[in-house]
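The structure under discussion is supplied below as structure tokens; questions concerning it will follow.
For reference, chains read A, B, C and D in written order, and residue numbers begin at 1 within each chain.
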Amino acid sequence: MELALIFDLILLITLIALAWLLLASSDIFRAVVLFIAFGLLLALAWVRLGAPDVALAEAAIGAGITGALLLVGLGRLGSAEHYRGTRTRLTFLQRLSAPVLIGVMIPSISLILLLELSLHASATPGQQGLVNVLLDVSGTNHGVTAVLMNFRAWDTLLEKGVLLLALISIWSLDQARPLFRQNDISPQLTGLARLLLPIMIIVAGFVLWQGDHAPGGAFQSGAILSAGILLAILVGYTLPTRRQGLSLRLLLAVGFSVFLLVAAATLLSSDYLLKYPDSLAGSLILLLELVATASIAALLAAAVVGGHPPDDLSKPVDRSSAVNGGQT
Amino acid sequence: MSPALLYTGSGIILFSIGLHALLVHRHLLRKILAANIMGSGVFMVFIAMGVHGDSGVADPVPQAMVLTGIVVSLCFTAVAIVLAVRLNKLTGCTTLAVDEESSID
Amino acid sequence: MTELIVQQQWFLWMTLLPLGAAVAAFLAPRQAHWIGLVTALLLPLCALAAIAAATLSETQTITAGNWPTPLGIALRSDGLALVMLAVTALVGFIISCYALGYFPVRGHHQSRARYFWPLWLFLWGGCNALFISGDLFNLYVTLELVTLASVALIALEGGKAALAAALRYLFISLLGSLAYLLGVGILYGTYATVDIILLGDMLAATRLNHAAMSLMIAGLVLKSALFPLHFWLPQAHTMAPAPVSAVLSALVVKCAYVILLRLWFEVFPALDTIAIGHLLGLLGSIAIIWGSLMALRQERLKLLIAYSTVAQIGYLFLVFPLAHTETMASAWIGGVLLMMAHACGKAAMFMVAGTIHHTAGSDRISRLAGAGGPIGVLVVVFTLAAGTIIGLPPSGGFFAKWLFINAALVSGQWWYLPIILSGTLLAAAYIARVLGWAFLDVKRSSYPVIPWMMKWPPLVLSIIALLFGLIAYEPVQLALSGAPVSSPVLVEFGP
Amino acid sequence: MSDLILPAILLSSLLPGLIIFTLPEESVRLRTTLNLGGAVVKLLLVALLFFHVAKREYTELRLPLLPDMELVLRADALSLLFLILSAFLWFLTTIYAIGYLEDSPNRSRFFGFFSLCVSATTGIALAGDMVTFVIFYEALTISTYPLVIHRGTPAALHAGRIYLAYTLGGGVVLFIATVWLRAIAGPLDFSPDGVVASLDPALHGSLTIIFALLILSLGVKAALVPLHIWLPSAMIAPAPVSALLHAVAVVKAGAFGIIRVIHDIFGIGFSAELNLLFPLALMAAFTIIYGSIRALSQNDLKRRLAFSTVSQVSYILLGVAMATPLATIGGLVHLVHQGVMKITLFFCAGNLAETLGIHKIDEMDGVGRRMPWTMAAFTVAALGMIGLPPLAGFISKWYLGLGGLAAGQPWVIIVLIGSTLLNASYFLPVLHRIWFVPSRQDWPSSTLRDGRETTWALLIPPLITAMLVVMLGVLAHSVGSALYWVELIATREYGP
């Protein structure tokens, strides 16, 4: 037990140090790399806290996809810390608010919280008892999945909405640009991709299936799949132009749409939002997870690509620059 | 001191570090990183406060909430990065210091 | 017929409908505006049905999936939720009509139209989901949905100032919601529930709970732009396209405030909130004066209106110090009334400013000189809508101020009187300044013709805003059903 | 009688107003139809109401506003007095304004706000409790502002700022006083005995303060010195607006409000008991003299008339403040008489400005020959103002004087005599110039086909009101005259 505590201590100190270092580092590229490392270590912390689902998600989404997003963004920004233009004149109050917040509020709140938490530690039994009791009728055998897809499915539905909304926002901002220059593709990478892609698809399928009774599920699986898609893009795969219209949009929206349809159907049939019929709960959750995985994979990959596909509505663009993700 | 408390405290510290950096730094990517660290701190508080006793079994409800939270913060990160890239393309800056007077008309 | 209305959970349909329409608008961009318009037409009807159903049925709270509350997510059709749904439906409908004229579906800006509709429908659905939510974590998710849509809508304008404003808004919002979420985490860790009603029953006045409360309130205060955390608002609300400015000022700011109302009156009543109440009151008072003074100084109409929003938010925060035991109802109703009135009036004003910008090429106040002809009607709209901002009868703003002053007098906090009154006079001054320019007698070249969708919907809204006080009885009674305060019947009415 | 008559009276001007806002500038015919139609409908409805109230059939409409607050519309004798005055003069002013603003820009805006303004005045007349009164009172403030600045000249905008500063400043004080009073006294329905007399004597201190606040805030619109500054500067507005401002709407609303507060909120007896009325009487007396003295030195015709208004409106307050039946009759009847006389004078001043471009008194030499009808109306009204028997003004002054004696305050007679002398000395020289001084310049001759001095729309209204000035005086004691009606009110107020 003591050994575990020491391990926890070291892990946490490393995490805090990493956070401090990466935020203070003068080189933004180094900061991003450190952030990915931070994400991986954080996944370890989730494991230590008995939350393997979060750990998987952190590794795949927190470190993986966020890392990819940051790296791509960094590439497009240029890595130099570049302050151009005059400083905005801050009003007196704006100048005052930062030091007040940093110097007074944060330390005092942290201190109070820490002191108080030490008094209140483990005050309540939590809800795992309730979840376990209801697990039988939830249509799945894993507590977290039951909460996500059934007990608190309304949250999950809205969160799927946030994902789609984020993509629409990204598309409204910019047109897709290539992630790299065509002649940069190395044959080694292509070979590696050929090897990795099938494995990734299998792993994703496994993680999804796993979610029924053990840590795993749509998020994690979708994130792995989207990594596969990005890899495919990196080795030069482009989505055919005729697939960049409605088919792509359908793929992106199918997860959220089906969820909404299920919500509407349950509301019509039972007066309760997202109350699955007992006999159908398992199949419905499976369906939702499947379409969610497909959409999440496409959405995450498209978010990394970072723009809408060229289309007939906007100005005509050079076809060769039209690179977009969206393969499953 | 129990491990749960240790993690909770670290979560609060991460939150504070992120908050500080978000306010102080001007580079947009750094602000995005800071927000992510803040988020991680919050999530750690969520999970760690849900650990009860030494059983090591975490409450599934906060785990589900944190999963949702992670996706939401990913969405914000993605949009923020595209916004930052777009802004950088228009102004050449990597900060928010757009000259506000000139942008009025 | 009646059974059909009662049986359906209309307030839930009001969240599913716009979200579904948003997906449809995304899938079929060429039909996006039709989808948006049909949805905007249906939602007010749904709101009426939801209100009818609520008056007929007993239950106000159901849970998603019918799972019992600590586990399930409570969804509520109480008075506050219903009036906010209804006001959003009304204002949203008008704004949708206006947007139809503002974002032409043909021409070189058509891509903006194509993204406006799904984003706006997402925002609408998010607002509705937020108003009915009775679960602190669910509130976080809905709030983020609203925020993300707002960010994208601000950036839709496309200029660098708009992008910068959007990005700043994103960071500020993130900061606010993470602070809120940390508070939620602490509450869950202590009580193993995030249900508002359950928490309200269980919460004890511990220091930890006070810390959680402070974090949540601070986060939401940041999101609702109370002085001195308002600095992001003028840019964000000004740089956005006009329909978006209207949405942001009329609805989005209210989202965070509605959560605050729920927290203050339903989750934290057991806690010692007097000091925080006074702090919020003080900041609100400064916001009223500061926002009005800044509005008086602005050269641009949209900025003036945005600073006026800062001031009006200040009034909203007077609710907290004024809500003593005997004045609780007065203050609470005043706050709800002001929210509704401000939503109507401010939306109309931003639409006017947008139309002027659209037709005159700039929204400098001096460009209004000699505004006659086609934009003469806009001046009228602006004047009528401004009545509610100043607080002139019979607008809702007038009665809100009445209730605030009543609460201040009854609770002995007379020092809010000069604040409220000088705010009123300053508001009159900055509105009069605009009208002065508009009435200035100079000959000017004629304006281009304004699409009628950009002219008449704001007029309707401004008339509603001005006469809102006369029809406020029903909404207020509705809001009071299931409210945390009871109706303040001081005296029996005569025969 | 249907309860709907009261809102119908309100809507008869509100609805046309709102529709007019949306009309394009060119649709003159539709706008005129709406304007006159609304005015006629309102007159008919008011006439209908009149017969009911005369039979003591009071009608009332209550509309809930907030859980413990109602909008109360009620027609009693006093409302009818003000209502008839405003409905009738609005009708005439509308005709006049249509003629006056022919071919000028932004007419839809003008007539829209014009109608809102009259709706607000009607609302003030029909208000059945203090809350309702405040609502319409403040609505009047804002709907008048666009009319004051209608010309859009820098001078007009400046006047508008002054107007808004004074009236809104007064408005917020009124607002606070009303909320305060309501917080300690509950519903504030107007009733002949007042509603505060029965309150705990410990509250009498607060009540005195509230009374002072109410009178001071209402005194802004009633142009009590020193709160009168806005009135002379607001004469920059177009003549129909000035006519409305001085005779019907704004100034009268202030005076009417003070009457309501003293009679129906505090109650005459209770006000006198708290010694609240004597200071008001002094203020009114001072205003009467001060306004007249200032009027002497004005060369601008409308400015002179404006200071005359400052002085004349305080007759009403003086009468009410003396708290005897006769004085009250004198004050209330002056509400009508002053309105009719002053609107005539402003119509005539407008005609001079519009037809001949005359604004200054020293330009008026011999103008009687060029515009005989207009100037005849002017002369009648001016003589009425001075108080020449048997014109309307004489009746008011006579009853005021009697009332002062009855109240044991003979100093009032001195004030009245002094004021009359001053009135004479600022009006008679003008009349002298009009009729007896040869004109120094050539007026442009009439462009109208039949050689009329000006258009019918500009000529008819002042002639009608001038006739009224004569009739209200000569026929003062016949049934249906203002005096008859006012005596009725006083009887109901003080008991037979």
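Here is the rule we go by: contacts are C-beta pairs under 8 Å (C-beta built on N, C-alpha and C of every residue); 3 or more make two chains touch, one makes a residue touch a chain.
Keep in mind that this is a model prediction, so the values were computed, not measured.
The minimal number of chain-to-chain contact steps leading from chain B to chain D is 2. Two chain pairs, A-B and C-D, are compared here, and A-B has more C-beta pairs in contact (counted per touch definition above). Centrality annotation: C (chain centre taken as mean Cα position, compared with the mean over all protein Cα atoms).
Distance from the centre of chain B peaks at D, each centre being the average of the chain's Cα atoms. Centre-to-centre spacing of chain A and chain D amounts to 71 Å, using the average Cα coordinate of each chain. Computed from the mean C-alpha positions, the centre of chain A lies at a distance of 13 Å from the centre of chain B. For this pair, chain C with chain D, the centres built from the Cα atoms lie 41 Å apart.
Centre-to-centre spacing of chain A and chain C amounts to 31 Å, using the average Cα coordinate of each chain. Looking at chain A, residues 113, 117, 124-127, 131, 147, 151-152, 155, 159, 162, 165-166, 169, 173 sit in touch with two or more other chains.
Among all residues of chain C, those that touch two or more other chains are 71, 137, 141, 144, 148, 151-152, 155, 186, 189-190, 192.
Across the assembly, chain B contributes residues 8, 12, 19, 28, 48-50, 59, 61, 65, 68, 72, 75-76, 79, 83-84, 86, 91, 96, 98, 100 that each touch 2 or more other chains.
Counting only pairs that meet the touch rule, the chains in contact are A-B, A-C, B-C, C-D. On chain B, the positions that touch chain A within their shared complex are 1-10, 12-14, 16-21, 23-30, 32-34, 36-37, 40, 43-44, 47-54, 56-61, 63-68, 70-72, 74-79, 81-86, 88, 91-100.
Across the complex, chain C is touched by residues 8, 12, 15, 19, 22, 28, 31, 35, 38-39, 41-42, 45-46, 48-50, 59, 61-62, 65, 68-69, 72-73, 75-76, 79-80, 83-84, 86-87, 90-91, 96, 98, 100, 103-105 of chain B. For chain C in complex with chain D, the residues that touch the partner chain are 329, 333, 370, 372-373, 376-377, 379-380, 383, 387, 390, 392-394, 398-399, 401-403, 405-406, 409-410, 417, 421, 424-425, 428-429, 432, 435-436, 439-442, 456, 459, 463, 469-470, 472-473, 476-477, 480, 487-491, 493-494.
Of all residues in chain C, those touching chain B in their complex are 71, 137, 140-141, 144, 148, 151-152, 155, 159-161, 163-164, 166-168, 170-171, 174-175, 178, 181-182, 185-186, 188-190, 192, 235, 239, 300, 362. Put simply, chain A touches chain B in their complex at residues 1, 4-5, 8-9, 12, 15-16, 19-20, 22-24, 28, 31-32, 35, 38, 42, 45-46, 48-51, 53-54, 57-58, 61-62, 65-66, 69-70, 72-74, 76-78, 81-88, 98, 101-102, 106-107, 110, 113-114, 117-118, 121-122, 124-128, 131, 143-144, 146-148, 151-152, 155-156, 159, 162-163, 165-166, 169-170, 173-174, 219, 300, 303-304, 306-307.
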